[in-house]
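Once you've had a glance at the structure underneath, I'll fire off some questions.
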Amino acid sequence: MYPAKFDYLAPESLDETLSILADRGDEVKILAGGQSLIPMMKLRFATPPTLLDINRIPGLDGLTRTNGTLSIGALVRHNDVVKSDVAKANHTVVSAAPWIADPIVRNLGTLAGSLAHHDPEGDWASVMLACDGKVVLTSSTGERVVPITEFLVDMFSTSCQPNEMVTEVRVKAHSDRGGGNYQKLERKVGDYATVGVATCLELADDGTVAGAGIALTSVYAFNLKVTEAESLLKGETPSEELFKEAARVASQACDPASDSRGSADYKRHIVDIYTQRGLAESLAIAQGGQS
Amino acid sequence: MNVTVTINGTERSADVEPRLLLVDFIRSNLGLTGTHIGCDTTSCGVCTVLLDGTPVKTCTVFAVQANGRSITTVEGLKQNGELSAMQTAFHEEHGLQCGFCTPAMMLVGTALLEENPDPTEDEVRWAISGNLCRCTGYMNIVKAIQAAAQSAKEGASV
Amino acid sequence: MTTTAHKPHTSPEIGGLGHSRKRVEDARFIEGRGNYVDDIELPGMLHMAIHRSPVAHARIISIDTSAAEAVEGVIAVVTGELLAGYNLAWMPTLSNDTQAVLATDKVRFQGQEIAAVIATDPYVAQDAARLIEVEYDELEAIVNPMRALEEDAPVIRDDKEDQETNLVYEWESGDKAATDAAFAAADKIISLETHYPRSHPAPLETCGIIADVDSATGQTTLYMTSQAPHAHRTLFALVAGLPEQNIRIVSPDLGGGFGNKVPIYPGYVVATAASLVIGQPVKWIETRTENLVSTGFARDYYMKGELALSSEGKIVGLRVDMLSDQGAFFSDAQPSKLRAGMFHIVTGSYDYQAAHVTTRGAYTNKAPGGVAYRCSFRVTEASYLIERLVQNAAYEIGMDPAEFRLKNFIQPEQFPYTTPTGFVYDSGDYEAALREAMRIVGYDKIQAEKEQARKEGKLVGVGIASFTEVVGAGHGEDYDIVGLKMFDSAELRVHPTGKAILKLGVKSQGQGHETTFAQIVAEELGIPADDIKVVEGDTDNTPYGLGTYASRSVPVAGAATAVISRKLREKAKKIAAHLLEASEDDLEWETGKFFVKGDPESSVSIQDVAFAAYTNPPPGVEAGLEGVHYYDPPNMTYPFGSYIVVVDVDPATGQWKVRRMVAVDDCGVRINPMIVEGQIHGGLAEGYAMSSMQSITFDEAGNHLASSFMDYLVPTAWETPRFELGETVTPSPHHPIGAKGVGESATVGSPAAYVNAVVDALEHLGVRNFEMPVTADKVWAALETASNG
């Protein structure tokens, strides 16, 4: 299968890129890793008139930690995250990375690109929803930092405007009393999640839950942040019972479809089990004081 | 558009449409048919080559993206006219049957040993899990990559 | 006689039977110098893309090709109407049905071929194929054979005059009265209804062709992904009316086949017709989606089996009723006297004399195919059913499943054994194979562990399959494909320097024929295997044969190779006698040389003899050392084995993981143990694929739900279990070297072992069946049902 014809631009600076976007952002599609976009073009589900390849722009491949924030540049590949010591600052991120696609796809695909593509069954959006990630959108007129909840609009759509591009994704680093985890049930390597559960915990000095994040993949029309379950945890002392209750709430909040990956009942059950497992794992990390 | 790549150490150029997939560029324009096509969905991995040393699926990269970059295909695995340790190990361990996935498997194995010279069986299985094989049940592919690691430790070039 | 020892008779330098000789074909593959169809470029070559039906069942109102024709670079657009002018709009199938090459009246499955674009560039061909517009009048899509046989179901094959329903065939085997009597007298009846789901061989190389018709000479060269190039040439001659001597089929390296490359597909015919009309070579390479939606599916059997048991726990009878989903055209690749392949091998490895098997097939709005996916004509479905039934029978009478099998096996002294459905098993020692598997897995210990695990709330299962296959089709009296008897051939020439070329009618798809067939000659003639080149796959240059599928290469062509080697040895003896100035009767043969009895110093090597055959033949003896043999096997061969799988099931998620997979195979004499083990590994992996994840499903509208590797799940190295192999050796008494064939044993035998293992983990909860693929959600649902009462 081959894509339809398109024009190809490969600017070598951010300024040049942003000026192209300012001129004709409507007709260009940004090519980062291309591991979601190119397959869609081959199926002709996507037929962009122009591809704007950002891979030659210097400075977009930074993966850094500054003042408790992990910054992931637009050209950071999934496998960069897998291999990075810096990325270990966020346990949910580092736990999810090896479960994205397959090892070869991870060499090209990017975290920022996955978010911008916003496949409703993508894993990274759940990670960012659980960890309150932020997306940096840059245009020729400046940049704005958008919370992930505002960035993700609808399936395959985001609040990124035609004159903007995602240049960076930011997510908090866990403190030494924090932990996180991504649980993914997949039928085989490379498959979409049957169910994915991202969890993120921060403990207060007294051991109670200071902050909690839970988000689900592939069990709703889009990645679902389960705020009700998150608030239920906050201020409480972690316990198996508490996590069971949070998991129960999560499993009720989701609305999975029955399909070849499993029945709706099954997926709901897995949300329950994986939320419990994810929270337990996050807690173990938080209490173990790893960072 | 003109695309120039260094493939297996040799610079090659061609004028191509932007939509030309890298795998077709390698196979048709450059005539290197050791890189294969097995699916359209970035699933099977038989089109894998090393792009600047990193395994990528060339059915999901445009030729224009490779402009100015360096590519290693199966045809470039031999070193100084000698089979590499990986090639030898695939032969010795019966790591191939129909041969269709073999170039990709050897390239992924080669890249793996660059990063991890002594992988466990699980690490090998994980590393090749983006590449399908229908013939071998993977048993002897895994053995071959581990055998190549062993002979590399003994001084052979991977 | 069964042994487990395995000693080669020849030195490693000769490399005869039993040596794990490294493969000679590897040299090209590891350097990326294999030569697959898509690697071939011819001057002036054009490219073809096919426009396919998006709907499963519809009348075609109109086809508009004008937009496609207008695309720059398009040379021609071929439709069924155009082909009809050459009488090529329809073609015969391998099961005496007809199949549309390009649809003219109706489309009958999603993905059916409607028109083809020939263009200068593959990208342009695909662009243009998308622009073909077809207007449809949609009809009810029939997506299962049960609905197909209901009275009010629309008739799919209204193109056939005498076809008033969707019934394709009815076929039976065995003795109904005897079986009814056995059941009437039975103490217990065990029944199981199960579906062996639709699957697809999906070799990593898809199907393809380059058709090159020389308009000046009429020479037609077809570079084609063909497991049976000679049979395909004859079929092309018959279908297209081309003179057979002008057709040359070259089947170069094949990137796997597994049955997918046995049939002739519409794309081959269209490309050939296009090349004939245009006068330039035309290449067509399937996309993966085309491969999965339109070519060579396998299985899709709805089976009901009943096993009658005596009060002593002996099997006394088997009754099976089966309904197959054939898709829109009956194109099963199978011997023509059989309608459901060799499904009647379903009686298995057990000793009882009453069985009755009834089978029917129905047309549905799905792709045709019915190929034997790594299996000898429906043996996989049969083996699955009997091994699932036997396991359940053991549970119902409270006996250990291994013990139940041991109690019911056909005993070694009973061979040759005639089964109630008429097969004559040539040899076997089923108990030895099962006991060896039990020894390797540590059966008693693992059963004890399982009991202990249950007490701790964990789920462990042990599954067994003790299968018997029937392969090596087959003796000409009973087996033919479209009239061609299922012999195979070998042509051997020993050159003056003692080096030999062996040419075969079969065709490797990765099985390593170039390595193993040379070993047969090496064994028989003492010529080092390294001095023997094996040639296959070019119909101009090899003797006629029926091809490689149904594990028939070694049983048939392997036998032909041994026989022709022996014939040449006989001739060599005459020449040796001449050289040694001795009587033939005074000569003795020892690998690689003749010597005079009692005078070992007085000897000539086979190489000396070969030289003399061309330089100094005895008076009255034809020069040269060359011959061809067409081998008609006296019987089928019956490889068997016992597999034991141990699984751990996660009670919280229903996920199951294979902890052990022990496979003991008895394929008779092993020519090259390394290659045999490689074949078994591959089959065990494909069996795991089918039992765990790999299947083709359709929605109610007939939409194909597994049209790419995103949805047609092929396990990676990460999911695929590790395998532990063992062997017993019971040579085939009628095969010249005692070999039986092994390429498919593991695909045939293993699915039941995997599924039995998962069932076994939940057996104490009353679970007796999982439908393949056994996905985690099915296991979880069974656990839920059990815990809810």
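Letters A, B and C mark the chains in the order given here, with residues in each chain numbered from 1 onward.
As a working rule, a residue touches a chain if its C-beta (ideal position, glycine included) is under 8 Å from a C-beta of that chain, and two chains touch if they have at least 3 such contacts.
Owing to the predicted nature of the structure, the values given are computational and were not obtained by experimental measurement.
Undergrad: From the centre of chain C, which chain's CA centre is farthest?
TA: Max centre-to-centre separation from chain C belongs to A.
Undergrad: Select, from B-C and A-C, the pair of chains that is joined by more C-beta pairs in contact.
TA: B-C
Undergrad: At what distance in angstrom does the C-alpha mean of chain C lie from that of chain B?
TA: The answer is 29 Å.
Undergrad: Go ahead and note the Å separation of the Cα centroids belonging to chain A and chain C.
TA: Result: the chain centres lie 44 Å from each other.
Undergrad: Which chain A residues sit where two or more other chains touch them?
TA: Each of 1-2, 4, 102, 189-190 in chain A touches at least two other chains.
Undergrad: Could you tell me which residues belong to chain B and also touch two or more other chains?
TA: 17, 19, 40-41, 43, 126, 128-131
Undergrad: Residue numbers in chain C touching 2 or more other chains?
TA: Where chain C meets two or more other chains at a single residue, that happens at 122-123, 287, 289, 710, 714, 716, 718.
Undergrad: Enumerate the contact residues on chain B facing chain C in the complex.
TA: Where chain B meets chain C, its residues are 17, 19-20, 24, 27-28, 31-41, 43-44, 46, 73-75, 77-78, 83, 87, 90-92, 94, 96-103, 106, 124-126, 128-142.
Undergrad: Under the stated contact criterion, what part of chain C meets chain B in this complex?
TA: Interface residues on chain C, with respect to chain B: 22-23, 25-36, 38-39, 41, 122-123, 202-206, 253-258, 285, 287-289, 509-512, 674-675, 677-678, 681-686, 708-710, 714, 716-718, 720, 722-723.
Undergrad: Where on chain C is chain A touching in the complex?
TA: For chain C paired with chain A, touching residues are 122-123, 126-127, 130, 287, 289, 652-655, 693, 697, 705, 710-711, 713-716, 718-719, 775-777, 780-781, 784.
Undergrad: Chain C touches which residues of chain A in the complex?
TA: 1-2, 4, 44, 102, 185, 187-191, 260-263, 265-267, 269-270, 273
Undergrad: Touching residues of chain B toward chain A in the complex: what are they?
TA: Against chain A, chain B makes touches at 1, 17-19, 21, 40-43, 45, 48, 54-57, 59-62, 64-65, 67, 108, 126-131.
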